[in-house]
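One structure, pasted below without further comment.
Chain nomenclature is as follows: A, B, C, D, E, F and G, assigned in order of appearance, with residue numbering initiated at 1 for each chain independently.
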Amino acid sequence: MISLYVGLILLLIGCIGALFGPKVDNIMIRLLNIEVSAVGVMLIFLSFDETLALMTYIAINAPLTYVLVRTIIKLEGKK
Amino acid sequence: MLVSVLCCILGGIGVILHTNVINKLIMLSLMETGIIGFIAYYYYLDVAILMAICSPISNIIILLGYIKYLELKKG
Amino acid sequence: MDFNEFFYLINLTVYAFLIGSLLLGLHRKIMAKIQLRPGPPIIQYLLHTLKFYFKEITFPITAGNPLYIFMPILQIIVWLSALILAVKLESSLLIIIGLYVLQKIVEHGCGLSSGSPYGKLGGVRSVFSAAAEIPLFAVVSTVYIVTNSLIISDIVSYQQIHGPLILKLPISAFAFFILLVSKAPNSPFGIVKGKDIVSGYLTEHFGLLAGLIYIGDAIAYFVLLWLFIAIFLGISNIFLALPFMILITFIISIINGLTPLLAPHHSVMLQITIAIVVLLDLLHRVIFL
Amino acid sequence: MFYETVIISFIVGILSLFAIGVQKNNLHALILTDLLECSLLCIIAAVGTDLAEALILPGLVVSMAEILAIAEVLVVREKVRGKKLNDFKINFDLEILRTSPLFISIILVIYGAILSGFTGGAVIASGLLYYFFCKRVLGENIINRVKWVGICGFSGIAWSLWIVGFLGFYLFPKYWLVFLLFAGLGLVIKVCSKLGLLGMAE
Amino acid sequence: MIDGGIFGIVPFGDIIFKYSMFSTIGFVIAITFTILVYLTKPEKQLEAQKFGEDKLIDIPLHELKNRRYMAIVCGIATAGAMLTQDIFDFALFLTLVGIANIGIVSAVKREHVLNASFQYGLTSIIATLPLFGASALILAKTGTLSILELHHLNKNLLFEKILYGLGMAGETGVAPYYAAKAEMFRAPGSPYILMIHLSSLLLIVRTVEILLTI
Amino acid sequence: MPYITYLGERMDLFYFNLTIISFIFGNFVGLEYSYRYPPYHEKRIDKFALISSILGGFLLLTPLYIIGAFFIGFPLGMRSGYGRIEFLIGLSIFVILYLIRWWYVTG
Amino acid sequence: MIGKIWNYLSKPELVPRLFAITLAIVFIFGLFWPIYKDNNQLYPKPEYHSQALKTPLAPYDRSIVKAQYPQYLPDLGKITSYLTPIAIFIKDRTLFFGTTIVSTPGGILDEILYYTRGMDTVLESSILLVAFIIFTWLYWNRERD
């Protein structure tokens, strides 16, 4: 069950990093820290043997990232 | 297995602690490598293949987004 | 349905309408007396209704049409079905509350479909004051926890054995009573129909449509009073309930005559405070019973 | 195993909820909701049965769909407020953007078609998205209202195909196989066309 | 006994649609309103102008079509939510109603309306966490999601129920949050906005029924 | 309380409705009647209203209660300042007689 | 004074934040609430990772399923046992592609997703549809008025 614990640790690290990590005022950095949590979720799926959900999550992650990045770029930038 | 654990944990901490986005992306790839190791350890090869194909896509999207972001910050 | 049943239902409707109108008229008279002025006779509400009922109707050009006409009809449908479900069938309390909730839809729909700014304001305020329903659900839950049923006939028979619920659930009874107060005309919570926005959602409904809404209001007043008496005093007979109805109307008119109209925010806040109190009561009962 | 996962997800949920509570920037709040979804998915996954796995997929889609809609509402709100918005046009020449997209997207499309169902749709969608995105980055103007609306309509038809498949299971249980294939096909087309189209949006 | 007698049952696998007295009334109301909303033309709002005459504000056709579609989806979803006998399914119905509501409002191009719509949307995303989380916890604790089955089990589900209720509150934008909703309600197009209100009220009643039953 | 007025006969909802309608009609006639006088004139007992009220109070206890309701409604419906004392007299007669009857039957 | 507080609270910007904080407090109570898993679950999984290398359908090889209402499902289990030609082709060759096989039409998850809990999937795809319509509409009409 190492994968479960690694997943939980990653989930927690990602969460704490996204909230209190260095320079999270920068939105790109915050987005990347959240990716850590997402990876933790993948590991948890894996350790509960839910491979189909894992597959879907992996595949969905790309459009989700795209949407978020697109919104960031549209709104952030020139002050 | 141990390698995967190390990759994951180190990658995770690395992503958090680095402040340069490019470095963070590299660390993220390291972490994803760790996951692929985990998946292969349980013999779900199809998932591993899919992960290997799909994870670069989001990385590239973030990378290009960051480049655009830098451009915007400068100009 | 055989003829006797049908005849009974018609009689019941007429009864509810007449009693409701007379009580509303009485309410107005008592309020006038409290404010030291000669009020209108107690059949005034009935006369108003009849007057509106036989008037000509026109439609404003701004109105959104089927909805505009449907709303008063909905008011009638809602309260007639509430009357039948509550008084005749003594069905589930939750259904009646669901129908009561539709009253908000009527207010909102009347206000918004007319396109008039006053009506719209009334509608928006009606949405705003929807917090008044939260204590209602808490009351329902509390009653369910105590009696283990929501069918009104069960609740009434429970009270015949254990005594009226108002002694056991004073907070819930108070919350329900506040609901009655807010439903009565000229109440401190009546921000929806307050005089500062002409007449709220009713502004653009005149003629026959207003008559229908008035009829619905009378039946609604009757049904709500009956519900209060049946749930908290355990008297479900419509004749026996009559003296209590007059008594409650008396109390409500005294309250309404003595209090000013609250500002919208304050009215909502007061109701939310009551809601929180009732919810705490509910939580307490869930945990310790 | 169940308990630890749920507790950790609770903690993540609490932290991110507090973060949203004190967050003043709307964009940051939107990004943080992504973290909430992680916590949500973990709670469901912790049950660890086949049923829970079937419940994860709706949870996943719901979070994705809501973020998609809300992000666009946010963008339009800023536009209506009179803020000048940046365009999402990246002009950047990278070797990988020329060589990889065709290959990766073909692999993903074929694999997704084999998978079928919702998973296959998501896989195909990520392939298509990558393809369109790379084309856009390389400066080709592929966006076109007619094309867009056409694909949307196509996806709507696929959706109704899936509904037909679903109802068929109960109305004609004899021919379950046909309706099973209907359902898988409809879902894959619907999801892939919807999410793949996102790659076109600038 | 909460909902009066049962008239019939429509099984869709594990998810069962039950016609009881309560749910049938809710279903009929929702369907009637959906038809009504489809038929109704939106009202024209009279807006005072600073200079010149007052003008009537009309809703353009493309906006009308979109909002009408969303209102119909919302109505059908509400009708379905009245019938379903499965907690997770009900949660999904709630989410569908929530997102359709956002669709109805967000088509109006005014700043305060869009702002309220965005905040409502954010609330509804947040609300998916307690809603689905509570269903998952109930599933773990009792091993079933069906309301009919849960009715017979005697387990202490207080916390899960509170979570579920809060999730519903966020998804339909209830009570204290009505303050923000009133902001959305100033948008023109009464039938569609009426649909938002109707759906949320009906769903609240239904949620109370579910929470009392399980 | 099905036996609200006339002991021995069960009060039907239909007849009760008729009673209320006749009561309202009495109100209406009283209103119409009182418009002949100047507004708001207290301390003046109208003979006609008094007779009607007392008659109504008696009739409510007989099978003719429908007409009784009409008569007792007559003073109540009069415009403000009129008919108050008359109505109270009629009502108290009714209440006293009812209590006596009730005591007589049960005790 | 109270009115002022109420006026402040009624700003729409504050609503999600207040809601989030309320929810967080409730979740903190949840940490002390007894949370456990009943062993009598529907559609149970075998022990995790126990099927690897033993069967080509790796994590999804099920023979018996336990459904909610057995009386309504005389057809339960048909979909579980069905394999498409592609799936059979893959199954005969390798042990490592179980997820792919199950994801093609047929298999336990299709049974749950399409048949026993089909309504969930209908709603899920409707939610995606509605969200996408909102997106499309806003995207194409942002230039207007």
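Brief remarks on what is shown
Here, contacts are C-beta pairs under 8 Å (C-beta built on N, C-alpha and C of every residue); 3 or more make two chains touch, one makes a residue touch a chain.
Computed from a predicted structure; not experimentally measured.
Graph distance from chain B to chain E, where chains that touch are one step apart, equals 2. When each chain is reduced to the mean of its CA atoms, the one lying nearest the mean of all protein CA atoms is E.
Set against the Cα centre of chain B, the chain with the most distant centre is F. Of the two chain pairs considered here, B-D and D-G, the higher C-beta contact count falls to D-G. Comparing mean CA positions across the assembly, the chain most remote from chain A is F. In whole angstrom, the spacing between the mean C-alpha positions of chain C and chain E is 24.
Centre-to-centre separation between chain E and chain G, using Cα means, comes to 21 Å.
Rounded to a whole number, the gap between the C-alpha centres of chain C and chain G is 43 angstrom. Residues of chain E in contact with two or more other chains: 11-13, 88, 92, 95, 99, 102-103, 106, 109, 115, 122, 126, 129, 137, 139-140, 145, 176, 179. Contact with two or more other chains is made by residues 268 of chain C. For chain A, residues touching at least two other chains, in rising order: 14, 16, 31, 40, 48-49, 51-52, 55, 59, 61-62, 66, 70, 72-73, 76-78.
Interface of chain F with chain C (complex): residues 1-2, 4, 11, 13-14, 16-17, 20-21, 24, 27-28, 31, 40, 76-81.
Against chain G, in their complex, chain B makes its touches with residues 42-47.
Residues of chain A touching chain G in their complex: 47-49, 51-52, 55. Partner chain D is touched in their complex by these residues of chain E: 11-13, 88, 92, 95, 99, 102-103, 106, 109-111, 114-115, 117-118, 121-122, 124-126, 128-129, 132-133, 135-137, 139-140, 145. Those residues of chain D that touch chain A in the shared complex are 1, 4-5, 8-9, 11-12, 15-16, 19, 27-28, 30-32, 34-35, 38, 41-42, 45-46, 48, 52-53, 56-57, 60-61, 64, 67-68, 71-72, 74-75, 78, 83-88, 112, 115, 118-119, 122-123, 125-126, 129-130, 133, 195, 198-199, 201.
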